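In the two assemblies presented below, chain A is common to both, partnered first by chain B and then by chain C.
Moving on to the complex of A and B:
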C-alpha cells in the first residue's frame, strides 16, 4: 500500500512529525532501524538554554530574535518563533508536561550542575533552583549512576540553595549492581516503596525538597511519584542520570502509544538504506529487514534519521560526509583537519554540519535547489545548530518535526 | 624546605629511570627517583607497547637487534605479568620489496633473532584479518608489554629495597658546588612545597627532556625530540604483533595489547618535547598503512591517538665521542666529568623500553665506579613484584578473576571490567585525585567508550574518598574530558564519532559539565 506519509526514524523528531500527521488524519508509517535518542536523553524539552556567546538564557522565546540574528542558518530560523512556541505547547499538552517556550526552569543535573530547560514532566518541577530553598538529595545504594554527595555539594555552589545528601539502603535481595531501569521496576512494588519511605522519614527534615535519581517507576511513574510526595509530605523531584534514561523511555512509550492510538503503523527493526526516486520525487524508501529487502512507498517522506550520533549522517575516515539514505550533501562541513577545536568545551565547527533545507524543511541538493519536492527533514539531521552548546536538541526536533508535518499537510491539502 | 640525602638521585620516571632506581636500590645504594608528573607519563607510556624481538632492527641496525635478543628473554622472565606473549609476524605485503625478506632472514641469523618462516596459508589461518595478498610470513618472539605496569613494578621493587619515589616532583635546578653537581632543588607540583636533595651522583634519565636537565648543570646535550604518533583501534584486530617485512618506516607495526590494537608510528623532529601535536596528515598515513596490513582498517573504530617523543641524541663534541659514549648505537651514556668537566652527573638517553634494564645496568655500573664501590647487577635474576609466578598476562585474566565472584561488586567500567573496590583501592594506593593517573593504573576509560560511562562514576567515587571536595572532583573530571578530547578529536569518524556523540550526550546533555567549567 501507499502511505500518505512515511517517516523514517523514531526519535523525538520522527515521533512528533508522525503524530502530528496522524492527528490530521493522514495514513502514516514510521519505519526505524531501532529506538534512538529518546532512550539516552532526559525526556525533557530543551529549547534554548544558552545564547551564541554562551550566556545562560532565562526566556527562550524572547531571546530567539537576537539568537537568530547571529545564527541565520539555524533550524529555528526555518520554522519561526510562532511555530516554535506552538510546537512546544503541543508537546507539553500531549505528554502532560509543564512549561513553555517563554521561560526556562533551572534544574539540577546528576553532577549538581544547573541546566536551563523549558518543558518538563511534573516530577521534575520540584527541582527548580530559581526560587532557592533547602534540598535533600537522595542516593540509592546499589545504583552506581548517581552520586548524591557530589550533586549536593555542586548545587550549593551553583545556585542560592542549601543542599545535603543522604544514601538510602533499599532492599535489593542481595543484588549490588542494579541500573536505573532495574530500580524503576522495583519502585512499582509497594513493599519496596514502603522501605524507601520508612528510611527517608528518619533523615528528612521538614521544609526540604527531596531529589531522587530519575528512576521512580516506568509504567506507573506518575502514581509512584505522587505517592512519594504524599507520604513524605514534601515536594519530591527527579534528577535524570546516565543512560538508559528512565524518563526518556517513559516519554517514548507515551508518544508511541499516542501514535498507535491515532492509527499510525510503526515498524522498528528495519534499517532504511536507500530510496527509489523518480525525477524530483521520492517514490519509496527501501529497508533491510532480517534477511530481506522491503519497500515502503508514500506520497510524502520525512527524514528524521538523526545526525552523526544516530547514523542519519555519516563521516568517513577520509573526511567525506554523507546523508545515509539518499546521499544528500552535507552543508557547513569544515575542511578535513579543522573539523574539531582542540578545546573540548570550545566552539566545535563540526557541530553545525548537516542538511541544508528550504523554508518548508525540504533538503537541498548539490545544486542548491530542493532535492525532492516530497521529501522533508527534521531533527538532528538538520545542520546549522550546536545542540550541546545551545541546549536546543529536543526543541529543534519537536519544532522541525511539527513544522515538517504542517508543510506536508498544506502541500497535500484535501 | 624539606631536605633529603641520598647516594643516587635519578631524574625521570620512565622505564629507564625506574630501571636505574631499581638497579641502584638492589645494589644497596641510597636512591631517590623524581618524576615531574606520573610514572610512565612521558615517552614510556606513549609508545605502541611492543617488546621487540630484535627483528625490526636486523637489517638497519644489527647491534640494536643483538641487544634486544637477550633483553627480550630476560624481561619475559622477570616481568612475566607485564607481558602478553603474542608472538610477532613479519609479513611481505604487495607494496613491499620482496627482496627484503632474504635480507631479513640473513639478518636474523647474523644477530641471533629466533625466526621461523610460516607458509602464507598458516599465517592467514593464525591471523584471518591480515591482507590475504601477503607473499611471505616470518614468526619472531615479539610480544606486547604494558609500560605502566612494568614501570610501576620496577618502582615497587625499588621501594622494597629502600628507594624513595617522588612523583609530581619537578626539578627546578641542579645544585653545583664548584665543578661538581651535588644535588637538586625540586618543587612538589601537588603541594607547592620545595624539596632539596643532596646526592653523591645524579643520573639524568629524563629522555627527550635530558637536554633541559643537563643545561641546568651547564652541560650542553643536544637532544632532538623525534615525535611518533600511535592510534589505538577498537578491539584486537590481530592477536599477533604484525610488522611489515621491509626497511623500518612509518606505520609499519600493529600491536595487539590488552583490549585494543595500536598502530604506529611516525618520526618527525619537533623543537620542544612538550609540544607534539598530532596532525591530520599523520592520522591519514597511519590509517593508510593500517589498510595495507588489515584490509578494512579504515572502517574500524579508532579510539585514541597520541604522540610520544623519542630522545635522539647527537654528540656535538666530536673530539670526545670515543671516550664519552657507550659503544652501543641504541642508547647513550654520557659521563659529564669526562665530557664537560662536571663531576657527579651522568646522562642516560636514547634506547627503547625493550632494553631499559640493560641501560639501567650500564648506568648503575658507572654510578658504582664513581662511588668507588663494586657490586654486581642482579636485576636480571630477580622477578618484579607481581611476576614471581612466571605466568604471562593473558587477555582473559580480568574476566577469569571476576567470574568466580558472586554478583556482589559493582562494575564501574564495563569495558575494562573494573570494580568499585578496585577503583577505590587504586585511588587510595596512588594517593591521587587525578583520574588520568587512575586511567593509567587500571585502564579505566581506555575501552571503546573512552570513559563515557565510567568517568562520571569515578568522579562520584573519588569525591566520596577522604575529604576530596567537589571542586577537586570537578576539576579532575574536566581535565579528564579535555585530555580525552585531545586524544580522540583527530580520529573521529564512523562509529567512533557516534560514540563520541553519545559521550557528549552524557556529559554535555545529561550532566551539563559546561556549567562546572564556568
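Moving on to the complex of A and C:
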C-alpha cells in the first residue's frame, strides 16, 4: 500500500507526527515493532525542567534562549521557540490537558521528589506544590511500589508543604497481586469507590489536598477523579506510579483513537528492518511480517524509532553505533573511555549521541548533507539532548513530531 | 535452546505485555504474560513448569505483538504449555476439540442428527459432564456437505490470467462451505484459475492444546500437499489462524524443520492480503455495487499476527455505501478452542464483552471478521450474524 506518509514508531513522537499529518488530510501509516514508552511514562509533557547547569526552570519558553546557547545541538534548536509552544498547545488541546510552554507546574513524584512539568492532565493539577499547603498522600493496600509515608516524608523536605500519609484497604475480591491497571479498573466500579471514600472520610482533615497514586480509572478516569473531588470535597490529584503507568496508557489510547478516527492505519508487531531507497529518496520501508517481509511505500517517512533503549539506535560490541533502519551515522558519540561518567545521574556524554538533522528534521548522512530528501526524524532518536536531566523527553517528542509533520506538509503541499 | 526461548533475555520487565493481555484482566487464574512467560521460563529448565497458570493463556499472541523488545512471549508460553501437557497427559477433551478434520468427517454424513444433538440441552449437559465442553459454548453446525465435494464438481472458466492454490482449512470444508465457494468465485471473477488440492488440518488446534508431536505431523502433511499444488502459485487462505500456522507458527513454535513448509510459508497469503495486493497493482476488479449496510469489522488476533495491517478495511472501503466501523477491542475471547472449555467459558465471555459492547453500539446489520471461531463467538455474544469480508465483496460484485 502506498501512503502519503509512513511513520515508524508508536511512541509519543510517532503518534504526534502521525496524528498531525492525518489532521492535514494525509493518508498515514504507523508501523511499529511494539508499543513505545507511553506505557512507562507519566503521560505528561515535560518541556524543559532544568537548565544545562542543573537549575530548576520555572518558565520553559522564556528560558529556552539561554538553554540553547549552551546546547546548540539540542533538538529544540532545530524546532524553534514558536513551534515548541505551538506543539505544546496542540498537545494540550488534543488531550484535554492543562498548561503551556510558558510555565511549569511543580508536581510530586511517587517518591515525594518535586518535578517541573509543563502540560498535564487536569487530575494532576491539584498536586501543584508551588502554592504550599497541607497534603494527605493516600496509599492503597496491595498496590506495589507506592509508599505513601515515604512520599509524604520526602515531600516535606522537598517543598514548603505539610504532608502526611494514610493507607486505605478497599476490598480486592480475594486477589493479592493487582497492578496499577487492575486498580484503575476497580476504581470504575461504584462499590469500590464507595469503600475508598468511606475510609478516606474517617482520616481526612478539612483543608488537605488528597494525592492518590495515578490509578483513578482508565476509560472513565475523568469522571472517577471528579466524583472523588465532589465526594471528599477537596482537591484530589494523581501522582504517577512505576509502570504500568495508567495516565500514560490513557494518553496512548486517546491519541490512538484519534488516529483511527482520522483514518490512519496502524500496524503494531512488525519490526522495520531496512528501507528501499533510490538515490536520495526513500521509496519504502521493509518490515518483518509472518513468513516474509512486507514493504510499505510512501511519499514521506518519519523515523520515530526511539533511542538506544528502544532499539532505534544500536551500540555494537565493537563500540560502533548506528541507526537501525537505514544505518544512518550517529553524531555526538564520544570516544571510548569518555562515554560514561561514574555518577549514575550525572552528566552522561553518551546520552547526547543520536541523529543529527537539518532545520527540517531530516537526518544528515556521513557527508554532512541531508541523507534522504523525504526522510524525517523525531523523538528520542535525535541527538543533542539528555531528556532525563533536562526533564524534556516528551517535549522533544511532541515538538519534533509536530515539526516533522509540518515540514512534510509544507514540502508536499497539495 | 530454541530461537523462541532465546528472546526472553531481551525482556526488560516493562510490563507493556501485561497491560495489553485481555486474559489476565479477565481472570486472576492467569497472572499475565510477563509472569508466566519470560519470568517463569527461567525456572522451567529441566524441572518443568513451576505452576499450571500458563494453561490459562489463550495463545492470542497480543503480548508478542506489543512487546517493544521483540520477546516471543506467546510462543514461549505455547512451547511451555506443550511440555506441561506432556507431563500431565493430554485430556480426552483436548484431543477431540483439537482434531476438526476428524470431527468434521465424522459429523458431516450425519449432519442433521449431529446438529440436533449438539443443540439439545441434555446432550450438551452430558458433553459438559463427561468431556468438559461448556454447555453454553458456541459450537458450529455441520453443513452436511463439504467444500471439497463442491470444488471437485466445479468447472471454472477456461481463460485465466493466473493461478492460485486455495487452502480452505477444516472449518470451510465442514461448517462453512459457502465461504469457500465465495472465495473461489471472486478469485475467478478476477481472472484466476483456482486449484483446490485435497487437504487436511494445519495442526493449529493440536498446537494450542499442547499436542506438538501430532501437530507437527499434520503441519508437515499439509505442507507437502500445498507444496505440490499450483506449481509455485500463491497459496490463498480465508482462515487467518490456519494461514498464520503455515506462514510462521509451525516453523517457529512447533519448530518443524521442513523445506516444503518453508516454501509454503513464503507462498501463503491471507485472501484479503492477496486481493489488496491485486488492487495496489491495479489488477482488482472494482465493479462493486452499493451495499447500504452498517458493518463493524474485527481483525482477529491471529490476523494481526500476520503483520500485514488490516487489508480488509481497505478492501471493504471500495464498496459504495458500506458503512464500515473499525472495532478496536483486543480479542473476542474464544481463541480457537479455549472458550469451549468448561473451566474457561466464563473467562472467554468476559474477554469478549468489550468487543460485544462495541458491536452492539454500532447498531450493525452484520459484523465482519476473518476467523471462523471468532465469528461464531461474536454471534454468540451479540446475536448479530458475522461473515468473512469475502462474503461482502462477493455480494458487492453481484456474483
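In this section, the second predicted complex is superposed on the first by the 414 of 414 C-alpha atoms of A that agree within 3 Å, B and C clash if a C-alpha of one lies under 4 Å from a C-alpha of the other, contacts with A are read in each partner's own complex, and residues count from 1 in each chain.
We take it that a contact is a pair of C-beta atoms (placed from the backbone, for glycine too) under 8 Å apart; a residue touches a chain by one contact, two chains touch by 3 or more.
Predicted model only: the values in this text are computed from it and were never measured.
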item	value
Superposed partners chain B and chain C on chain A - clash or fit	fit
Partner chain in contact with A:147 - chain B first, chain C second, else both or neither	first
Touching partner for A:109 - first (chain B), second (chain C), both, neither	first
Partner chain(s) touched by A:175 [first = chain B, second = chain C, both, neither]	both
Contacts of A:217 with chain B and chain C, given as first, second, both or neither	neither
Contacts of A:121 with chain B and chain C, given as first, second, both or neither	neither
Which of chain B and chain C A:40 touches, first, second, both or neither	both
Contacts of A:316 with chain B and chain C, given as first, second, both or neither	first
First, second, both or neither for A:260, with chain B first and chain C second	second
Touched partner set for A:75, first chain B, second chain C, both or neither	neither
Which partner, chain B or chain C, touches more chain A residues	B
Chain C, chain A and chain B - angle at the middle CA centre, rounded to the nearest 10 degrees	90
Overlay on shared chain A, then closest C-alpha pair between chain B and chain C (Å)	5
Overlapping contact positions on chain A, where the chain C interface meets the chain B interface	37, 40, 174-175, 177, 243, 310-311
Of chain A, residues touching chain C in the complex	1-2, 29, 33-37, 39-40, 174-175, 177, 179, 181-182, 185, 243-244, 249, 256-257, 260, 265-271, 287-292, 294, 310-311
Complex interface listing, chain B residues touching chain A	279-281, 284, 287, 298-299, 302, 407-412, 420, 453, 456-457, 459-461, 463-464, 469-471, 473-474, 477-478, 481-482, 484-486, 489-490, 492-494, 497-498, 501-502, 504-506, 508-517
Chain B partner contacts - residues on chain A that touch it in the complex	37, 40-42, 109-115, 142, 144-147, 149-150, 153-154, 157-158, 174-177, 240-243, 245, 307-311, 314-319, 336-337, 339-345, 387-389, 391, 393
Residue numbers on chain C that touch chain A, as the complex places them	14-16, 18-20, 25, 28, 31, 64-70, 244, 246-248, 265-266, 268, 276, 280, 304-310, 313-314, 326, 328
